[in-house]
Every structure is written in C-alpha cells, then in structure tokens.
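Consider the two complexes below, in which chain A is the common component and chain B and chain C are the respective partners.
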Partner chain A sequence: MAMVDQPLYPIAVLIDELKNEDIQLRLNSIRRLSTIARALGEERTRKELIPFLSENNDDDDEVLLATAEELGVFVPYVGGVEHASVLLPPLETLCTVEETCVRDKSVESLCRIGAQMREQDLVDHFIPLVKRLASGEWFTARVSSCGLFHIAYPSAPEALKTELRTIYGQLCQDDMPMVRRSAATNLGKFAATVEAAHLKTDIMSVFDDLTQDDQDSVRLLAVEGCAALGKLLEPQDCVAHILPVIVNFSQDKSWRVRYMVANQLYELCEAVGPDSTKTELVPAYVRLLRDNEAEVRIAAAGKVTKFSRILSPELAIQHILPCVKELSTDSSQHVRSALASVIMGMAPVLGKDATIEQLLPIFLSLLKDEFPDVRLNIISKLDQVNQVIGIDLLSQSLLPAIVELAEDRHWRVRLAIIEYIPLLASQLGVGFFDDKLGALCMQWLKDKVYSIRDAAANNVKRLAEEFGPEWAMQHIIPQVLDMINDPHYLYRMTILHAISLLAPVLGSEITSTNLLPLVVNAAKDRVPNIKFNVAKVLQSIIPIVEESVVESTIKPCLVELSEDPDVDVRFFASQALQSSDQVKMSS
Partner chain B sequence: MLKQIFNKLPKKSSKTDSDELSRSSESPRAAGKSQQRSNGGGASLKRASSSAVFPASMVSGIEPLVPFKDVPNAEKMNLFVSKLSLCCVTFDFTDPSKNIADKDVKRKTLVELVDFVASGSMRFSEPAILAMCRMCAINLFRVFPPNYRANGVVASGGENDDDDPMFDPAWPHLQLVYELLLKFISSSCLDAKVAKKYIDHSFISKLLELFDSEDPRERDCLKTILHRVYGKFMVHRPFIRKSINNIFYRFVIETEKHNGIAELLEIFGSVISGFALPLKEEHKIFLWRVLIPLHKPKSLGVYFQQLSFCITQFLEKEPKLASIVISGLLKYWPVTNSQKEVMFLGELEEILEGISMVEFQRIMVPLFLRLGCCINSLHFQVAERTLFLWNNDHIVNLIAHNRHAILPIIFPALERNIKSHWNPAVVNLTHNIRKMFVEMDEKLFVSCHAQYKEDEAILILEAEKRKEAWKQLEQVASLKPVIGNTAVLVSPLMT
Partner chain C sequence: MNGGDDVVVASEEPLQPLEWKFSQVFGERAAGEEVQEVDIISAIEFDKSGNHLATGDRGGRVVLFERTDSKDQHGSRRDLESTDYSSSRHPEFRYKTEFQSHEPEFDYLKSLEIEEKINKIKWCQTANGSVFLLSTNDKTIKFWKVQEKKVKKISDMNIDPSKAIGNGSSSSNSNSSKPHLANGGSSDKSYNYPSNDFSFPPGGLPSLRLPSVVSHETSLLARCRRVYAHAHDYHINSISNNSDGETFISADDLRINLWNLEISNQSFNIVDVKPTNMEDLTEVITSAEFHPTHCNTLAYSSSKGSIRLIDLRQSALCDSHAKLFEEQEAPGSRSFFTEIIASISDIKFAKEGRYILSRDYMTLKLWDINMDSGPVSTFRVHEYLRPKLCDLYENDSIFDKFECCLSGDGSRVSTGSYSNLFRVFGCAPGSTEATTLEASKNPTRRQVPTPSRPSRSLGNSLTRVVRRGAENTGVDANGNSFDFTTKLLHLAWHPSENSIACAAANSLYMYYA
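Moving on, here comes the complex of A and B:
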C-alpha cells in the first residue's frame, strides 16, 4: 500500500469515519479528536474542526455525549484560554438535546471552560450564551441554563448582574416543572456567587417561591438548598428567613420532604446559632425522630451522632437520648439498623457516666437484636465500642452475638462477620480468641458458599499475621491441615488455597517441613482440579522455600504432574516448572 | 350516638386535613389567604379549618343520617351536603378494630350518596359541588407511603420475594369515594360551567398525582374519572394535556419511575382519536417529544401496548407521519435489551402495514440498515421476529418494489446468517427469504452476490487504510506539540 506519499487530510479522516454506520467507529474517532486537532494545528482546529463539530449534531446520543466530554478539555488545542470561546457554540447546541446525559455533560464542560475564560470573553460570549439558553423555546435549553449562572455571574458588570438575577428568578417560576427543578437544584451554587445584599432580597424571594411550589418534587429540591443557603446568610437572617421554612418543612405532609429535612437538619444548626438551635431545631428534630413514617425515622436516626455533636451534652441527654432509647426498640428493623451504625459516635458527646448509664443498655439491646444487620452494624464499630465500655463487658455480651451471626443463614452476613474477625482478634487478644472463636474460623472453611470459604482462608492468613507464626502453628495449622483429607474435593481445594496464603506468612522453614509434604501428597489426588491446584500452589511456594527443597521435592512432583493424563493439570504443571526455571535463572 | 361521632371527629381530622382543605377547596376563592397561612404557622390555621369541616351541617341543621327518601325534595340538596360533610372524616384503617361502628356509618353514607347521584333527580347546587370536591380532596388526595422494596434491603440479601403492590388499607372507603366522584362527574345534573370553579387546575393536578398509586384498581378508577373530566370540562383540556406531558417528561428524563404511565397513555389513546385535522403543531410536538421518547425507558414493557396504540392512532389521523415515527424508533432502538427489541419490531410491523410507498421510501435505507443488524442478532427471537416481517404481504410488496435499494443493504446480513447463525430455525428462515429474493429478481441477486464478495475484501482493506491513516495522524500530531498547553494548565492557578 503506497499511501505514504498521499497528502493527509486529518479532517477528511474524521468526516469519513463520522459517516460510517458503525457507531463504534464513530465513537472511536470522537475519542481521538485531540489527535486530529493536534495534527491540524490550533488555527485550523478553530476554523475547520470546531465549525464542523457544531454542525454534526444529528447523531447518536452516545457520540454526542463523547463530543461534549472531549470539548470540555479542548482549550489547549484551540490555542489556549484566549481562544476558548470558539468552543462555546457546539456545546451550546448540545445543551439543548433531548438526552439528559448529553446535556449534563455539556453543562459540565461549559463550566469547565468558563472557569478558565478571561473576564471580558465571559462577558462577550459566555453570558450571552447563558441568556440565550435561558430564553430557549424548548425546556431542555432552559434546564441546562440553570447550571451555568454561577460561572457567568461573578464576571458580569452591575447591570448584567441585575439582569441575570431576574432571569434566574423567572426560571424558578417557569411553566415547566423540569425547569423549576433544575433551578432549585442549582440555587445553592448560584447563591454562593451573589453579593450579600442581593442574597437577602432577590435570592430569598426566589427561594420562597420554590418552597411553596405546588409540585412535591420541586419543594423537595428546595429543601436541599436550605442548608447551602443558610450557610451563606448572616445568622440573624438565617433565623429570620430559613428557620421558619425548615421548621415548616419538617411538618410537611409529604414524607419525602420530611425525609430531606431529617437528612440535613444538623447542617443548619451552625448557621442559626445555639439559641435558635435549642428553641427551634431540637424540637423539630425530635419530631422527626418520632415521625410516623419509618423512612423519615431512618434518615433522622442516621444523623443522631452528627446532631448530638453540635449540641451541648445536657441538651443531648435531655432531648436526644430519650428518642434514641425509643428508636432502639423501633418496630422497623431499618430504623434500628440506621441507629446501630451511628450510635457509638454518641459516646464521646455524652461523656463516660452518661454513656455507661444510658447508652450501654441501648447498645447491648441492639447487639441482641433479632435482625442481623443491626448486630452487624454494632460489631463493625467494635474499636469504638471497646474504648467506651472496656473489653470485659464487651466480650460477655459480644460473643453470643458473634456466634449467632457466624451461622446466619444469609451468606453475606457471614461474610461480613468474617471480615471483622481479625479486628476482633486484635481487640480481644489471644486468650479470648483461643477459647471461643478458633472453632468458628475452622467451621467457615467448610461453608457451603465459595465466597465464605475463600474469605475464611484469607481470615486464617490474617490471623497468622496478627498473632505470629508460632501461635499459628499451635492453634490453627493442625486443624487446617487435618481438613486436607476431607472427602469433598471442594473443601480440599479450600485448604490448598489456605496453604498458598499461609506459606508467605509462616516462612520458609515451617512451609517446607509442615505444609509442603501435604501439598505433594495432594498431587496424588484422584480429582484433576485438585491436581492442577497443587501445581499452582507449588508455583507460589517456589520463591518462599530453599532452593534445595525446590530441587528435591517440588520439581519431581511437578515433573510427574506434567505427564498427567489431564490437559489442564499438564498445563499448570508445565507453567510452574517454567517459572521455577526463571526463579533459578534470576537468582 | 351521632353526637358522639361529631364531638370526636373534627378534632382528630383538623390536624391532618387542614392542609388539604386550604389547598383544594378554598384556593379558587382565597388563594392569597391560604398563602399567608402557610407562612404564618400553625395556630391560626387550626382554628380556621376546624370550623370549616362541617359548616354546611351546622347551618342547615339537618341530620345527615336521615335517608334521602324521608325528606322533601326541597331539602334533598341540603341533606346531600350534610352527608358529604359527614364523609369528610377519615379513619385509621391500619387497625381494623378501631372505630368499627363509625367506619360503617361512613360506608353506608357513601353508598347512599352514590345512589342519590346515580338517580340523577336534581341539579347540583353550588354548595353541593363545593362539598363534593372537598370531600373527595380530603379522602383521596394523600401522599403515598414509601416503597421499601425500591430501596433494596441491604445486607439481608434482598431475599423477600413478595412482589405484591402495596394496597391502601382504606380501600373499602376509597373505592366508594371514587365511584361517587365518577358518578358525580358523569351526571347530567352537574353543570360544567359551575363545576369548573371547583374542579379546577389544583384539583386536577392532585388527581393526576394519584396516578402513581401502586394499586391497579385505584389507577383504573382514576383513569375513568380523568377521562370523564377531560370530556366534560373543555376549558381544562389544554391544562390536562400539559400536566400529563409533564408527568411523561419527568418519567422519561428524570426518574423512569411511575406506576400510572399505561393508564395515562390509555387516556391519551382516545384523546388522540379526537384530534381535529389538520393536526395542530402542539400535537405533532407531543408525538415527537413525548410519545417517541417514551420508547426509551427500561420499563417499556409495562405500557408498550398503550403506547403502540397511541402511535397507531396518530398515524391513522395523519399517515404522513409514518417516516418520522420510524426514524424516532430507530433513534431509540434498543441495542442490549432483546425483549424491548422484539417489542420494537412488533410496533414497526404494525406501522409498516399501513405505510404509503412515499413514506416508506423516505425511511427505507436507515430502516433496513437496522433490520440487517436485527437479522444477525444472536438472540434468536429478535432474528426470528425480524425475518417474520417477510411473511407480511404488504411489507413484501414494499420491499419488492424497492428491491434495488434494499437488497444490497441486507444481503450481507442474510449471507452471514446462512454461514454462521447458531439457531437452525433462523438459518432456515433466512434461506427462505434468500430464495424469495432470488425468485423476485435473479439478476439483481447475482449482482449483489458479486458485490458482496468484492465488498468483503474492500472492507478489510478499508480497515487497514483507516488504521494507517490514524497512525500517520498520530505521528503528525506528535510532531506538533501543543504550545498553549503548559500555559493553559498554569494560568487558572495564577488568576
């Protein structure tokens, strides 16, 4: 193919590929836009490539999405910041398409470009773009425009600023709920750029409108803005404007709105100051903790610690703690579970006395909860628990819970508890572990579910790391090795896996005297799967043991396996042999 | 006993229902006032509404429990209002042992009301309409409880398999209220000119919100009622269409979650058949911006039948829209979801069945490019469904007429199937179609065959060429490092 002499037209390559029916090809070429741009050079990129892309708008959404993304990082290819505005037109068109992902990505790219642009360019090009989108005929353009105001606003001269605020106000009252939702979502970001004086007037009135929207979905998003706005205002303004709104929302008839309030009420405490927190927010929060709807209580319960941290200990003990007590016996397991995952964080807030007196009973009752998730959430915060109540008290109440969870019928619960065993072991110490938990760890190696056996093998390794090789030799290795004769080949396989994990931890000597003979023995297994796993394990052991052992024991075994009738066994054996040669060569 | 009910009930209801009241029934007359209220906190609100719960019964002093037949005609409307006021009390149905007697009184009263409305004996007075709307608002307009299954049970493995929709325990009463509302709206004794003041935008919005109910019985009631409202209140038609469109937009663009899409589409099915010709621009936009994108969500299967019906209705009105609809389907054509793909093929066949030659020719090239991919689908149902299109005489006729354009496009797909499709039935069908083309125009077939052989070689060559071109491009690009690059990376930090 003598193409080398042909002149190359980079744009032609792109155009040709973008016409291809195969979408994968079109995507590929868009992904390599930067290559084309570099080949073209900055000027031709500006004059040819970008205009071409602006016209190529009627394509698959996937291609458009890729285009929007690429253009976001295209500033260097058009000649740097001073030419960044040439990128705006294609993105503007992409802001108006139907598909949400494409629009979102275009807005993101526009923001990224706008953040780098020079002030005058923003005024000349970016702000007019925002205005055009905001007055777009179809709602998609108006939805997109809402996400651009916070970039446009700071650079605008005074008169334009007023105009932009007015336009935003109009968007918040748009006929289409989609636009109002977008305006509500972006209000916090926009407000952060607006001067304090206008914040109190323009933005707050916009906010008021949104909070009274007749669509549930819009009010919901307005709640989200509460905390963000609250932080921007002076405390007294926040008390005057935001507080009544949020207190009102906390009694909204839609549970979704109350749920939102429950989720972020604590963020407002700082903004309104301690007095209003005490008189207004605490009662509101307590109401949410006792809400009729479990979903709301779940959200509220999850924030108990964060909320308590802001309060004084007295307030927390007086108002929050009684609710916590109620929640610990809530009829919904999910509420109890949410509470269990955060309750330990309350201990430092309450102080030692209150913790032992009040929190501990709650904690113990959650630990005995009938629902495994709840117990699991408590156990997962074990290190915190230990600090607060001490190991003796803990181990008494903990063990029954752990034993029960270890045998839970949901394998994911068993998996979760296995993952906490090393942590438990380190907290409880060797002595405790030996009596109670050792047997459990062995039992998991014979679980019906592969993931559990796999995790159990890993667990054995981590225990060996925690307590050292000597302890491991005494307490776990014998039992583990016993199981290599199990009649079920899957369990034998688990043990082989465990051996390969243990070997690096236990070191050369123990491996060659205690582990290796068993592995070599397993090479005579009747199941091919065991045999090729032996080959794999041997391969992993080679770097650990002395070279003489490799020569005398491992190699002969592998040679034998490499003549096995089974093809897979032969494959893995020869692979292991090869790697042993490499190890030898490199050393 | 009645006294007891009366003394007990207003207090209980005033808290929960006050909001509803101010929103639904008073908004037309006192919109400004209700706004003030929602700002002004709880105290004043409670007082205002508790006296508003039973205003009519206090005024007329009629015993609501008296049967209609026992009062003179002149008093019947007052009794009607009084009975409606009685039904404004809502009960807690989660505990079946609570207020059994009271619940029964309300049920009986509702039955009486239904009978009275059904009898159609006299025109409804304005207070009666107001009372009816308020009673419906209090009973029906509620926020649905959260759906726990949607949130997913986290660590317990999501092993609870009960997929029953959640039913409102208050359904025995709700059903009667719905029946009453339906009879009321359909009644010839209801003057739409008066009623439109109370069955207003806010009332309709709330009604539409209820379509998200998980209970199919409730959605069915709503469907019939909204249908009647649309029929009776001409002034509200644009508003109803716009509001439903907003629900559709939100469903397609934002959430993909809504229980009532099928019912709403069913209403639209008959709305479309009532469109006047020539179609207004608004309606064409609806087709293009709403109905076509509704093909996108994953849950298409739930409302596919209704959607497809709407599309067919449109095309019956205006056959010239066929190519636009098909290009829309091609835009949203599913590539990984085979079940959806089969549905699309079904809809396509239906459209092709009625398409004119001109429209067909407009769309056939992209259409058959897509169908070529479908023929090669590894999912045998997709391949089979596509090949079945050739069983349709009208479609075969269209293809035969345009064979010079179509055969070259799908020839490679047919060849590929014969060579390598795993499913014998698909291979068989492909053979049949191949034969059909041979019989149709052997000369064309032979030339396509030759072209195919040639193209295969060219394709490989082109792929090579493309690779080579990119390689060169990369090289050229690497020779021209971006000068602005470093400056750009630094400048935002400095400013």
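Moving on, here comes the complex of A and C:
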C-alpha cells in the first residue's frame, strides 16, 4: 500500500472512495471528479481516470447519473477541446444503460461536448459513435442515438449526411416503439439542422411515417413535431404538408392524440399563418371544444383565451364564443373549472361591448356554479375584467358568490377565498368592502379550523396594508380588538397573532396606544398558552415601539411573566427579555 | 427482435396429436414428503423469447430458470452444464437464480394482512443482457432487474485500508482531515479539499493512483427498481404489459389501472365497475390482458362469464366496452351452480391477438374477437365432475382459479384440473386432439378418455387416479378417488416450442412434444 503525502490525503481518500461500498461516498467522489482530475493532471486523467470511468458502468443509477453529468463539463480537465474526444467512450457506455434518466443525461453531456468539438474530431469520433449507437444491439443504445444526430449532422461531409439521414429514417421505423418515440421526440431538433432541400423530401417522409404509426404513443409525439417542423418549413409548404396532418390528428380515433392537438394547436397556428388558421384550424379547434371526451375539452377549454388572442375579435365572437357558452354549462366540472380559469382573459380580447353583451352572462352563470373551484377561478381573475368593463356590473352577483364560498363547509375552499380577499378589496374599493366584506373577515377570525383563523389574521394585516392604517383603525381594528375578550382561549390567541402581524403595519404610535394595552392586559389571562404567546408578541413589538414604552410598559410585564408558575411562560418571557436587552445594546 | 429465438411455427399436421414426454422437474418431492405452504408455486411465466422462465410462490419468492439448449442465448457465457439430456433438441432449463420479491405486510389502516404470495409475473423488455420483470402480490407490484454483476475486488488503494476503515479513523491522521461522516451528504464540510485556487503541479501528482478492480467471477443480482403501491383497494388478479413497451395495467376485482413503467407514484384508472352502492354488486373483474400488438385494446373477463374488449382510444375512463363476448346459456339448464361455474378464471390472447382463450370452471373456450355471437370452440376439461359440483361447492374447490395457455402457433390450448392432471386440446379446424396428462415423471400413465365419450366410462380410469406418493391405495366407497387437494392451477406454454411448464404444488414439471 502506498503512503501518501499529508496534503494529498483528502484527495487520496476521494480517489479510494470511487470504489467504496457506501454509495453516498462514491457519489461524493464522483461529484468531486474535477478535483481528482486536477490532482492527477491532464495526461493521467486522459489515460487513467477516463478509462477507469468507462469500466465503472455497472454502478448504481445515482452514481451513473452523477458521472454522466460531471463528464459533460470535463473538457477543461482532459486538456481542452483537442482532447475532448477521450470523453466519448464512457458516455457512450452510459448511453446504453436501461435507466432513462441516466441515458438522457449522457445524451445531454455528449451534445454539450460535441458542440465544442472540432469539426474533424466530430467526423472522426462523434459521428462513428452516433452510428454505433444507432445500430446498437439493445434498444437503449438506439433510443439514445436519436438525440445526437443534430450535433453530428452539420459537420458531416455530404456522403455521411446522406447516410445519417437514412439511419434516422430507419430509427423512425425501428421494431421497438421506444426507439420510434425517441426518434419522434428528436425529429424537430434534427430537422432544424437538415438542409431545406432534404427537409422537404427525407424528413417529411419520415414524419409521414411517424404520423401513421400504429402505436398511439408515437403518434402523440409526432403531434409535437408538427409545430417544430412547421416553423422550419416555408409557409406554403407548411400549409401543404403539415396542415393536413394537424387536421387529421384533430380527428384521430384516440382521445390522447386529440388531447395533444388541443394542447398544441395554438403553437401550430403560428406555423401555418393567419389565413389557414382561419379556414382550417378554427374549425378543428371548435371540434375539439365540442369533443365527446372530457379530457380533450378540458385541454381545449384551457386554451380559449390564448386562441382568441391570435384571432380577430370578430372571428372569436363568431366561432369561439358559442362554444364557450356551451362549455360554461358542460357536464364535467373540470371542463367548467378549466374554462373559468381562463375565460376572464377573453374580456380584453373582445372589448367592452362584446364582453358586457356576451361574456358577462357566462361569468355570472359560472359564479353560480355548484362546484366551488369554478367560482374561485372566476374570482381569482377578477382584475382582468375590471380593466375592461369595471366591477359594478359584476358586483351584485359577486357578493352572494363570495359569501357562499366564505361559508363553504370545506375549509380549503374557505382558505382559497380568503387568499383572494385583498385582491377583491382592491378591485371593489373601500366602500363596497366596508358594506359587505368586513363582517366576513371578522367571522373568519373565529373559524373552527386553525388554518382559516391563521389566514384570517394574515388577511387583516394585508387589508391594513392595502387601505392604510387610518382606515384600518376606523374599520377593522376595533372589531378585532373586541375579540380579545372572547371566552374561548383559541380565539384570544388568534387575536394576539393578528396583533403581532398588525403592529409593524400600523406603526409605533397606534401600536403603543391601541394595541399594547390589550396585550399587557392579556398577560393576566388565566390560560398559560395565552401568557407565553403574550411574551412572544411583546418580543415582536419591542423593535417597533419607542424605547421609553419598552422600559415603562413591556419590560415590567415581561418581568412579571418571567416569574410565572408555568415553565413555558417563564421560558418565553425570559427569551423576550433577553432579546430586548440585545435590541437595546445594538441601538 | 433482440435476444429472441425466431419463432418456429409448429408444422405438424394438426390432426396428429402430440406425444408428450417428460422433460424436467424442479423441486420434486420425495414420496410422503410434506409440502411446505410457502413453497407452493402460484405463478408461472415464460418470457417472450422463451429463453427464460419464472415462477412465483406463496412465500413471495421468484425463481428464474434459463434455457440451456438454445444456441444463441444472451446473458449466459458459461459453458453448458452437462446434463443427462444434453443432446436433445427440446427446451431444457436450468435454475438461474431466485430472489425474495414480496414480504408479508400489515395494512394498519384497514387492519388487513397482506400476503406475500406472488399472484402474477410478467416479463418486460430485455436490455443490456439484464432481464426485467414485474411481480405482484395482492396489493403491490414491483419491477425487478436481474443482471449479472461482476464480483469486485478492489486493490491498489492510496490509503492503507487498515488505517482508513470506518468512520473517523482518518482523524488519527493529525492533519486537516476531519473524520468523514458515513452520511456522504454532509461530508462536503468534513473534508478540507484543496480549493479551486489550490495549484496542482501541471503534470499532476504522481503519487496518487486510481483503485483498480479485479473481477474474478460474476454473480446474478436481482434489484427492485420500482414499487407501484397503494393503487388497489381490492386484490390484484392480473398485470399485463402493453405492446408500446412503456405502460402496463393492473386489475383488481373492481378496477383496472394503467401505469407507466417509469412512474411509480401515479396511475390512471381506466375501468371501474364499482357500483355506487356495493349491495348492487353483481359482477367482478377476474382477469385482464392487453392485446399483444394493438396498444389500445385490452380484454377483461368477469365472474359472470363474459369477456369485454376495451378500446382505450374512445375515452379516458372506459365505462363502455367496445365488444362483449358471452355465451347464452341453454334454456332449462340453469342450476344453483350455473353462475358460479360460469365465472372466468383466466383469459389469454393468442399470439396474433385474433383469438382469446378463456377458462371457466368446467371448460376452455376459444373466442374470435371478430365474432361476438359465441365461442369458436368449447373444450370440456373435466366433465366427469359435473355430478359432483355439490361436493366441490362444499369444500370450496368450485372457486379454484385455473389458468389456461395457448401454444405459440395458436393450434393448441391447455389447462389444468384436479389430481395434478392437465389437458391439451387441438383447436385447429378438424382437430380432435384431447390429451390428458399427469404432472409426474410419467405423464401418460393415466388414460382419461376424451370428453367425446360418455362420462360413465370414466369410472374405470378414475379408480386408477391415486394420491401421489401413496400408490395403489384404493378408491373410497363413493368413487371419489380424484384428489381435490392436488390441483394443477398454473401452467404456461413455451412461446415458440411445444413445451409446457406446469406447477404441481411445489414442483415444476416440464414436458415436451
């Protein structure tokens, strides 16, 4: 066994641990691979470390994944770009393992290295690697090869380019669906590097094959290829070749394919241009909005706003709006919910008149939906409509909806509506709030569920921020402070919590004159939990109020608490006292 | 395409019945030896190439066998072991490895014991010389990888291992190294690595060396790659891989879920037959299988004797079937047992996916998926039991779930019965082949007549059916000589050859023709 100089000891340990039994230690060593490489020097890294890693291919996935990642940035450690090709063999092996994430990472690293390699090295080393993987015995190698063509292709000489295109075509017809899926996924990237002439012939025929694959999962991925390919083609070619495919896909037998189209159609519109969008894609989209599978309608409904935005308002009103009306009474609550989450965005697209005339009834009916998510989704996007038509038209329907949600028996629904109260308050204005919502905010402070009380306290603070301390003093603080005398200690605790949140917002003066007396009074509560929470609140108030107040009011109170019979109260009181001393010292 | 023997379609004249011969037995019991409950085989499955065979048992173990006679097999570079049958051409298997797939568990929320028994095994796509399979018990499906791993011996360490073993031993080294933690996550802090500006000499440090690995031999290692759990309220009765190579289904009594092999934390419910009110429940799912080539078609069978074909393209939740296959019962034949014995215990697609084979308690039925008016053919498995249904009901045997299988070329079907018997029928047009075999070293010693003969003549042959290991014991007064306890539930047909593997309690018998 060799003896190692003292300063090298940590590195020696690192190197040894490349083969440790403990996977965490191996992982740690791999993560430090660059340190090891620098310790070994460039030449030994090339001649020893890299071959060592190439053999180390039956390790756990985590280690292989880390290796693949490290090798991607290893070019400097092997002596720069001219030696980059020595990194290919270990990554080639990693491209063949059966764990998908390891392969993906290896492909990513290979692409990163390939992008830096010199042209001749690519021809000598990288392209042969791609070809080897593409003809690999196991499907795993062939799957990986698909993601490397776009790096290999541009620097290949003409003959080799033809060969690469042929090989890619074969991969698209591989026996294994996994390989075809990978070929479909990477087609867009590869196509972007192929010359226009071959794009229209070779790539399009490959694409046609994929769109007619009998595996649904392959066709699904071909849908994604449509948008990418469409952007590469001239508009007239796109209309001639891609458009029919899209229209076909939108009527595919498989709902999953149609679902993909519904999700992608918006991007496809950009590729085919406005004219064809109008004549071909709008009808296709309308069909998807009326699909008999709810999943497809959900996907389509979620895109109505985006889609309307690229159409003219007239087209949107003529074609999309009737479907939107139907969807607002869809039998599936998820469809209605998806629609409600985006429909408010249609208001700016359609303009004021059309919104009032056409959209408003839909908003109102969705606000009365039996499913709370739908109502919440409408309320959460209120600001978008407010800008177009003002809130007044909605406010009459809004209030019952809000009240109903505020009293929903599911606390998560109540929680969701509380989150939106500050937004509503800012949109509806002080007057509306004072009349209608103030009482609700107080009611939540006495909710049966802690999370709601907690959110309600936070809500009070946000309202004070929104409307300012003066308004708060007039409209909410008195009601809040009243509750400090509630017979239930949990509600008293909520108020203490609210006070600690309000104090920084309301400022020194209000805090010391209005809030502090209540807190000090609460220190005489009979429940210890209240008392130690008083200590905590006082601690949070100390930095806010004048020092004289601390000395005259807070400290004596804390001192008293620090002699309480209850151990927890004493603990928090002394903690608060300590921090008050620290504040004093630092100031 | 990878690693498979090419399928050799049997070219025998279909009318010529096969002559079955004993090939191998694994785990044979000596006469009178008690069977351990945990050793009883509960699942058998050949892989697609026919080079591997897996069995699962009630003890939660999975045992793998590999073919030894095939020339182009992958993964085995070892010399063929010399066996007594080395010169033969029929499939020969040898024990490859075994592993504990499932352990008994307890569901504390429902106060339910979860048995470790392996209900089903399915092979997945082979890659890189490793084999992959799914195994399931009542609740949890697991994805296994079995690979040959080099046994590593590491030499050439920088640090003398005697000084550097274990936690903190390096702290004896007075310099900067703090004890390294077993938890590698925090070891970043415990080492003082040379920082990036530490200057290494340009040629590197010659005193450092990489550990070298000397491997002498390989060993087989099974590793659980994924666990698909908590998706079934009822007992899983089947799992089946999709032809797309990335998804599979799992079926329990009331629901079928769709999984992606790579995603273990979510599945999609695609069939749900649970009524809103459980009192309205009249029918449960008994078995489900994907079409061998159409990725969007699957079939499931029910306890009422129907088979439903589902088109996954139609909708996300397949409440409505694309096709329904059931046989109208003959009028007047109805009895108390009609519904019980109609329950289908297993369905299998034939290789091309045109036909479905189903097994109910008394018969095997072959269905053409293009003909939903009735089965193409019906084979009676043990008609002589019909008068005894009452006894079978009383001892619960009537609820036994027999599996069925088809030959690779689809010309023959097979299924099990009691007394360790199994039957092979020819299903090619015009074939009258109906063979009865016994899972023993002498499969043809019992000549049970074909079902075409009147059942009365069965009396004679039955007298010769005797309990294993106790030859020549007589028949009891009622003639109930066949043995309810020795039932042959599980069997599988080799995908390309005439070879059948079947389970008799803890023993795996292999036959060829």
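By our rule, the second predicted complex is superposed on the first by the 556 of 587 C-alpha atoms of A that agree within 3 Å, B and C clash if a C-alpha of one lies under 4 Å from a C-alpha of the other, contacts with A are read in each partner's own complex, and residues count from 1 in each chain.
The definition used in the following text is that a residue touches a chain if its C-beta (ideal position, glycine included) is under 8 Å from a C-beta of that chain, and two chains touch if they have at least 3 such contacts.
For clarity, every value in this text was computed on a predicted model and none was experimentally measured.
K.L.:
Quick one: classify A:Asp568 as touching chain B (first), chain C (second), both or neither.
P.N.:
In the superposition, A:Asp568 contacts neither chain B nor chain C.
K.L.:
Just chain B (first), just chain C (second), both, or neither: which does A:Glu267 touch?
P.N.:
In the superposition, A:Glu267 contacts neither chain B nor chain C.
K.L.:
Using the superposition on chain A described above, determine whether A:Pro372 touches chain B (first), chain C (second), both, or neither.
P.N.:
The answer is first: A:Pro372 touches chain B but not chain C.
K.L.:
Could you say whether A:Thr100 touches chain B, chain C, both of them, or neither, answering first, second, both or neither?
P.N.:
both
K.L.:
Touching A:Arg38 in the superposition: chain B (first), chain C (second), both, neither?
P.N.:
So A:Arg38 meets both chain B and chain C here.
K.L.:
Between chain B (first) and chain C (second), which, if any, makes contact with A:Glu55: first, second, both or neither?
P.N.:
Second partner only.
K.L.:
Touch test for A:Lys253: chain B only (first), chain C only (second), both, or neither?
P.N.:
both
K.L.:
Could you say whether A:Ala416 touches chain B, chain C, both of them, or neither, answering first, second, both or neither?
P.N.:
A:Ala416 sits against chain B, while chain C stays out of touch.
K.L.:
One more residue to check, A:Glu163. First (chain B), second (chain C), both or neither?
P.N.:
Neither partner.
K.L.:
Kindly list the residues of chain A that each of chain B and chain C touches, one partner per complex.
P.N.:
Of chain A, residues 1, 3, 8, 10, 13, 25, 32, 35, 38-39, 41-42, 98, 100, 138-139, 176-178, 181, 214, 216-217, 253-256, 293-295 contact chain B in one complex and chain C in the other.
K.L.:
Inside the complex, what are the residues of chain A that reach chain C?
P.N.:
1-16, 18-19, 22-25, 27-28, 32, 35, 38-45, 48-49, 52, 55-56, 58, 96-100, 137-140, 175-178, 181, 214-217, 252-256, 292-295
K.L.:
Mind pulling up the chain A residues that touch chain B in the complex?
P.N.:
Counting only chain A, the residues touching chain B are 1, 3, 8, 10, 13, 17, 21, 25, 32, 34-39, 41-42, 60, 75-77, 79-81, 98, 100, 115-116, 138-139, 176-178, 181, 212, 214, 216-217, 244, 248, 251, 253-256, 293-295, 334, 337, 371-373, 376, 410-413, 416.
K.L.:
Under the touch definition given earlier, write down the residues of chain B that touch chain A in their complex.
P.N.:
Touching chain A from chain B are residues 16, 19-20, 35, 38-39, 41-42, 143, 145-146, 148, 151, 154-157, 159, 202, 205, 209, 246, 249-250, 253-254, 289, 293, 331, 369, 464-466, 468-470, 472-474, 476-478, 480-485, 487-489, 491-492.
K.L.:
Within their complex, state which residues of chain C touch chain A.
P.N.:
Touching chain A: residues 1-2, 125-130, 132, 145, 147, 149-150, 152, 154, 157-161, 164, 170, 173, 175-177, 180, 182-185, 187-188, 191-194, 200-205, 207-211, 213, 225, 243-247, 262, 293-296, 312-316 of chain C.
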